[in-house]
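Below is a structure I'd like to ask you about.
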Amino acid sequence: MIIQTPTTFFLVKGSSEGFSLLNAFDGALLASGVGDTNLVKMSSILPPGCKELNPPPVPMPQGALVPVAYASLCSDVPGEIISAAVAIGIPKDTKRAGLIMEYSARAEEKVVVEQVKKMVEKGMEMRNREIKEIMAISASYRVINIGAAFAGVVLWD
Amino acid sequence: MIIQTPTTFFLVKGSSEGFSLLNAFDGALLASGVGDTNLVKMSSILPPGCKELNPPPVPMPQGALVPVAYASLCSDVPGEIISAAVAIGIPKDTKRAGLIMEYSARAEEKVVVEQVKKMVEKGMEMRNREIKEIMAISASYRVINIGAAFAGVVLWD
Amino acid sequence: MIIQTPTTFFLVKGSSEGFSLLNAFDGALLASGVGDTNLVKMSSILPPGCKELNPPPVPMPQGALVPVAYASLCSDVPGEIISAAVAIGIPKDTKRAGLIMEYSARAEEKVVVEQVKKMVEKGMEMRNREIKEIMAISASYRVINIGAAFAGVVLWD
């Protein structure tokens, strides 16, 4: 079976300074609790009936291949504010899929969260799918020298 | 078994207007019939003997992790024409892999399709592999405010 | 079981000229021995106890879905030197994960390799994890018309 469908999810976020842009990203993953896994990026649907894992699996299995929808931003502009956010539109109808949206910008956290929630609303509208609830998570960071912000939805077994 | 090999494939395409660049991309996925799945992007080989699924699985399992090779382009330049295309070089020798190529540009559909087919020809030449047939699919879109075009090869069990 | 953990790895690298940027990338994959597989890019951890496969599986199963951490760079600037490198920090404690870093630049191979090794050192420092050994592989290429360089760590069953 190649085609598989996750049954649980959890939200993560973090930010970090780093030696390089990739080190900053790695640091943001560590701060999020997923820094020792192998993230596989995917486009961004919450399977029907997928439940939140709360608390998340800690520690996560090191080196495991983990499907994730995420937003991130790295910057090497000292003083710059960077924000990353993801939001999930949970549908009223539990037999339908939810929608995950990602957004990041050189902007305040509040702006980025509002935008990503709006994106979920519009995407659910496009599906004619009523929203029960929007969940969101975000990270914001003021860069010292080189920094990164990360927010993601991890899908899980 | 982590390493797995798909046995069937199908071609999809679509385009859409959207509230944001990501919403437009999401709309193009919906128009393609894969908007409620979790696409995992991969580099782009058709396994030997992989057969076309015709018709495609409709509806697809919501939220499933689906490997796909795709081209896409988003634009927020009103009036701009954007095109995305994928092509598959099917080899004469059914024991050899086929090659998938992706191309997108701010150009007419015809131009993009010709280019992606040429890319398949050159890639099969590089493999010294004779082509039985080239399959292609493409999408083109004239942007109103924010739009996206998408074309992909979905690999399947 | 969606969440899986690879048990072996191997290092690959290659470079190529090509008809287009994507053909050059494809050529670099072919030169690396992974050109007929479906690479799925991931962020970049070596699972605890993951062993080097030496020699690598040749030929690899055509069209298989293969998780890989990689650096690559394509260029259409004739005469330009492009280099790509990956490095792995192998931890002293075999129960902990190793770290893979990727780096590419329009620069000499030596510069890129030094940078990627430094990135591994800093990333392992961030984890308070002592390094037993750093492994690295790199590719460098002087572009004729359109070229690509590629270096990667393939994870395997």
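Going in written order, the chains are labelled A, B and C, and every chain counts its residues from 1.
Just so we're on the same page, a residue touches a chain if its C-beta (ideal position, glycine included) is under 8 Å from a C-beta of that chain, and two chains touch if they have at least 3 such contacts.
Predicted model only: the values in this text are computed from it and were never measured.
Enquirer: Think of each chain as a node with edges to the chains it touches; is that a line, ring, star, complete or other?
Expert: The chain contacts form a complete graph, every chain touching every other.
Enquirer: For the sequence-identical pair chain A and chain B, determine the rotation angle of the Cα superposition and round it to the nearest 5 degrees.
Expert: So the copies are related by a turn of 120 degrees.
Enquirer: Would you mind pulling out the distance in Å between where the CA atoms of chain B average out and where those of chain C do?
Expert: For chain B versus chain C, the centre distance works out to 25 Å.
Enquirer: Please set out, as single numbers or ranges, the residues of chain A touching at least two other chains.
Expert: 2, 4, 6, 40-41, 65, 67, 155
Enquirer: Can you check the complex and tell me which residues of chain B touch chain A?
Expert: Checking each residue of chain B against chain A gives 2, 4, 6, 18-20, 22-23, 25-27, 29-30, 35-41, 61-67, 155-157.
Enquirer: Which residues, counting only chain C, touch chain A once they are in their complex?
Expert: Per the stated touch rule, the residues are 1-6, 40-48, 50, 65, 67, 69, 96-97, 99, 101-103, 115, 118-119, 122-123, 126-127, 155.
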